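Next up: some structures, all given as structure tokens.
Both of the next two complexes hold subunit A, though its partner changes from subunit B to subunit C.
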Partner chain A sequence: MWGRFKNTVLSTENGEDNSTKLAALLIAPALAVMGFIIVYPLLEALWLSFFNYQLTKPDEYAFAMAQNYGHMLKDDVFWIALKNTVFFTFATVFIGLLLGLLMALAIDHIAERFASIRGLILIPWVVPGIVVGYLFMYMFDVEVGIINYFLLKANIISKYLPWLMKEDLSMIAVIAAHVWNQAPFYMLMITAGLKAIPDDVKEAAYMEGASRWEEFCHVTLPYLKGILVISSLLMIIRNFNNFPIIWTMTGGGPVYATTTSVIYIYREAFEQYNLGYASAVGVVWVAILLIVSVVYVRSLQKDF
Partner chain B sequence: MIRRGFSLLWSTFIWVIMIFTLLWTLFPMYWMLSTSLKDNLEVFNVNPSLWPNAPTLASYVNLGEGLTPIPTFFMNSVITSVFTVVLAVSLAVLAGYALSRLRFRFRKTILMGVLVTQMFPLVVLLIPLYLVYVKAHLLNSYIGLILAFTSFTLPFGIWMLKGFIDSVPVEIEEAAMVDGCSRLQSMRLMVFPLIVPGIVATGVFAFLDAWNNLLFPLVLVNDVLMKTLPPGMILAFGGEFKHDWSGMMAASCLVSIPVIIVFIVLQRYLVDGLTKGAVKG
Partner chain C sequence: MIMQKKGVFVWIAMALFAFVLTGCGGPSKPAADSKVVTVTFVNWVSAEEGTRDKMKDVIAQFEKENPNIKIDSKTVPVSDMMKQLTIMSTGGNPPDVAQVQGDGAITLASGGFLEPIDELLPKTYVVPQNILDASGLWKGKHYAIPWTPNENALWYNKKLMAQAGLDPNKPPKTMEELDQMVKQARERLPQDVVALQLDTTIRTIGLFDQWPFMLNFTKGVPPIDGNKVAVNSEGMLAYGEWIREQVKQGNTLPGKKYGEFRTMAAQNRLLFGFDGSYLHGVLKSLNPALTDKDIYETWGVTAIPAGANGKHYTADGNHLLVIFKASKNKEAAAKFAEYLANNTYSLTKYHLTAGFVPFGADASKRVPQFNESPLNKAFINDVLPSVISLPYGPNFAKASEILMSGVQEIITTDKPVPEILNKAQSKLEEIYK
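Coming up: the complex of A and B.
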């Protein structure tokens, strides 16, 4: 009797028949929605990428072999967008991670009664992307922007800079906005990691005469390694796909200075109506992301 | 335990970092609020004032009276977000339960597949999805938006709830089933009450995802009266109205306030949910 129930609950190999049916029933609704919105369109995008499909020229709709992919090799903007995305993503993740680490270490050191500060610091992370975009567009504005005002007052710059209108400055502004938005996420993850370091290890390091720096390098960092890897991989993927903040701040400009792949695909598809070509760029993009995802999933499996 | 002492220099250093962190974090939000309370003349003042000389709610009042129906956008956002929460949580609980408790073929494949879908760039899917929505008459509909939001928040929800259900001891369910509960009864009566924090966390994430999403409504809605707040803000402040800074910041506050309130009230669940998996490693 007991054995039978144990089997149904744990569903070992013997009880597989029944539980497969039940599992299918429970999972089906979720998979149906995801299949409709994610999997089917993805396959369709792959299919579209082999067609010459422009909404503005419906009579030219035709199978185009690898023409879209060939065009990509010669398309300068595609390569600019690729370069921008890689630079933007790594700069954002690296600076965000460092800042988050610094915040987490500082918070770990202050007394427990100030712990509610952590809640305040987390707020930027839930602020909607579109708000972050508009807020930083306003703060980086050349005339009324508070950032120019502060920098001039502090004698760091000698005249107001047109942050969002100069090609080399706009990327800095966009990265600053993302770091503001994302640093709290790293702070949260790293704080959780710091709490998991056993007290006796830290105690032992102190008793053995390790300096703060040595303790950080040889005790804290090794314990945090897993979390640092996972959260930065997660955020690399996130930022590869980031849209709202850049879209509202610069729309990808000036010229192509902040055009990332996502912005480029959006413009090609929904402003130029080159659905076939935009799909091809998208497919290449998914392929690149899949490689990153495999690294991510592998490191998850290793760690958990 | 024996702790490292804190020298005065060291605590000063820590507090300097803390104060810098707080300024960096809170100043932009303070500035958003402050600007939204200024009148448009004061915004263009060469020497910006930290707090408005004559605080006024005019910019907020104007949001309701302008050419773009911001109150309608707000209602659309509320409706789509709330239903996304309900749908996403229900689907994720069922799937999470199956993936945690039942052993079946393709279990691992489904788990990993679900995770990988989260990495697909939304914008790539939007091209075919747009074509599908045209055919299925889902453009400009709440259902279309809710389905789209739900599918993108599901992967995270499924993984999170699976994690929470994993931590409920199997013995509790075994006892219930010996006492005559069916599997679904034991799920409802024994497991659900114990994973309330996980359900709340999943719901909050679904809400944030839906409320903040710009791309889906930007492409899948072209009827002005069906827009949610993010594309609505682009409509209101893109182009020629770009220099109505006070109005723009008032709208920004309006969009942010609901998420910030939800976050502050339910923060504990959110933080626990998110970091639970991470610290195991």
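Coming up: the complex of A and C.
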């Protein structure tokens, strides 16, 4: 039966079996389903962004052209959220990457009997965001937080600080939580990269008189370049979207100090039911993410 | 050719078979016993440890007394309730009845999702008009069945007051007295005692918590009243300076949700709490060693201190029951809602044991145990009459965000209060224009 189906449906007119067509036909259903569940909501959001659509004001539902986008330009909270998103994303990725690199280099030379440490270091990576959020919320608590306790004991601060209620400190707190959560991911990726560097290349560098630092700069780092680019791009996309840790720790506050775009969209859509405007902000957000994604995909295709 | 046709028939037969197996053969037939209706009830009390078993018991009793009504209780966490109900409603799949809080009823009513309860609610349930209006009056119709009160009262810690040299039987009646007592207590009590339970989060609950204090400084003039906005008034400036001072002096912890102060209350580290009647039950669940006697000896309840006009205010934040417009079982849903809010069994097994006082005018007569607790008595006599409404409506969530962001800016920065409130004023004027 399959043979008949293959012969009648998949063969070209001249009887030649076309494997490309077969492949296309086989993946078509999956593409159709994915297209529906990915493209449809995007198009729907784009469509909604042109409407004045607030669930609590059904009488005012109307086509509003680019009104939502116009409002966005003069909405100071939108710009604050965008600025916070960019700062938060790049800070978490940069610090996480640096820490992950240091950790990977440190455990790369670890004795075999301590290999289980690698597994332990990975634990933060598997902790769900909401748990990380609560964990750090209590660690940075103004009354019972362990961070204040240690800083006070070390004479770094003179009194307990309201980490989550000071505009400058709250961003530091949420970045610290994310870095703790994500550094093991970079470590994992970089460790894999380190294992792929041929020993003889390193040995050759040392034989040429290179120092440890020179070997790192001219041998190890170029080998790791691809992994560093891809993993950081991946995390830029992820952190651009990150919601649970910030929401749990600060709810976007104090004032708007840790309000990122995704938190702003959530508030507009699910607290104020302003679906039209939330969609417009979402469309801009997706556009920015798409640009980053294109860079990411191109990086994947590039030979580092 | 014949073979190909046969193949097509096989495919069609298989597809039909799969269709039947998956039960997609069209609308299902009504159940054999069409007299039994199922009422879907979305709520959070069935999810919470302190109320889960009590609610289960009340539902079982209702089903026993009403064998033609089955209750399908679906639990949703309180923080997700409005989001879930909105999604269910816009998706065309709302429940019959749901539990909401504070602005929930008017928000859903303004979206056109609710059925007015004026005709549906049995006349046996008599609720004070100020409560009925504050909770659910929208465009001349009522949309909420008040279930349990959730207004804040002043909970004063008699033991800590005595320790601070204050008269434990004379709680502060005015804001001046409150400030004076806090000052004295802070000088004499240990450092880890928190003087005031104030919620300054950017949430609608934050505004619910702060509203009575705002009105105390504005002599009862709401900062937002209909489309009139006056958040940069003299009274509000005075409120701004007051709340800033409370944080600066360390009288309260900034940015804490009011629920986060309850642990301190259970540890006897809170001097003045602003919380609901159910704090009694919460204290017992946080510290199982506490007995009713301990709580009565430690805590007293009265109305929130008054401002210059001598009037006491507390903001409406009741737990409510709403019936959805799309419900096919509105009568049964209303019967069930009335049972939860007013039936003697429910009052005894749910309200009384969970620490809620009733709204029903005759409830205290039917269940005299409500009068045994001095805390309940104070709630019924002093607190419930002081309920005032918040500016609920389609803009309430946005207004709360703007106003409470302003409050947070006041308490976390040194910017001049007028500058912050003027900014909030222009933002609010924009949305209320």
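One rule holds for everything that comes next: the second predicted complex is superposed on the first by the 265 of 304 C-alpha atoms of A that agree within 3 Å, B and C clash if a C-alpha of one lies under 4 Å from a C-alpha of the other, contacts with A are read in each partner's own complex, and residues count from 1 in each chain.
Operating definition for what follows: a residue touches a chain if its C-beta (ideal position, glycine included) is under 8 Å from a C-beta of that chain, and two chains touch if they have at least 3 such contacts.
As the structure is a prediction and not an experimental result, all values here were calculated from the model.
After overlaying the two complexes on the shared chain, residue contacts for A:I123 are found with subunit B alone; subunit C is out of touch. Look at A:S293: by the touch rule set out above, it reaches subunit B but stays clear of subunit C. In the superposition on chain A, contact is made by A:V39 with subunit B only, not with subunit C. The wider contact with subunit A, measured as residues touched, comes from B rather than the other of subunit B and subunit C. Once chain A of one complex is fitted onto chain A of the other, the partner contacts of A:F270 extend to both subunit B and subunit C.
Once the two complexes are overlaid on the shared chain, A:M165 sits against subunit C while remaining clear of subunit B. When the two complexes are overlaid on their common chain A, residue A:I157 makes contact with neither subunit B nor subunit C. Of the two partner chains, subunit B is the only one touched by A:P244; subunit C is not.
When the two complexes are superposed on chain A, the residues of subunit A that touch both subunit B and subunit C are 5, 8, 143, 270.
Contact residues on subunit B toward subunit A in their complex (touch as defined above): 1-4, 6, 11, 14-15, 17-18, 21-22, 24-26, 28-29, 31-32, 35, 43-44, 48, 87, 90-92, 94-95, 97-99, 101-105, 107, 110, 112, 114-129, 131-132, 147-148, 150-152, 154-155, 158, 170, 173-174, 177-178, 183, 208, 211-212, 214-215, 219, 229-230, 233-234, 237, 245, 248-249, 252, 255-256, 259-260, 263-264, 267, 271, 274-275, 277-281. On the side of subunit A, the complex with subunit B involves touching residues 2, 5-6, 8-13, 15-16, 19-20, 22-24, 26-27, 29-31, 33-34, 36-42, 44-45, 48, 102-103, 106-107, 109-110, 117, 119-124, 126-131, 134-136, 138-139, 141, 143-144, 146, 149, 180, 184, 188-189, 191-193, 195-196, 199-200, 203, 206-207, 212, 226-227, 230-231, 237, 240-241, 243-244, 247-248, 261-262, 265-266, 269-270, 275, 278-279, 282-283, 285-286, 289-290, 292-293, 296-297, 300, 303-304. Looking at the complex, you find that subunit C touches subunit A at residues 3-4, 7, 82-83, 86, 90, 107, 110-112, 201-204, 253-255, 393-395, 397-398, 401, 405, 408-409, 411-413. Those residues of subunit A lying in contact with subunit C across their complex are 1, 4-5, 8, 54-58, 142-143, 162, 164-167, 251-256, 267, 270-274.
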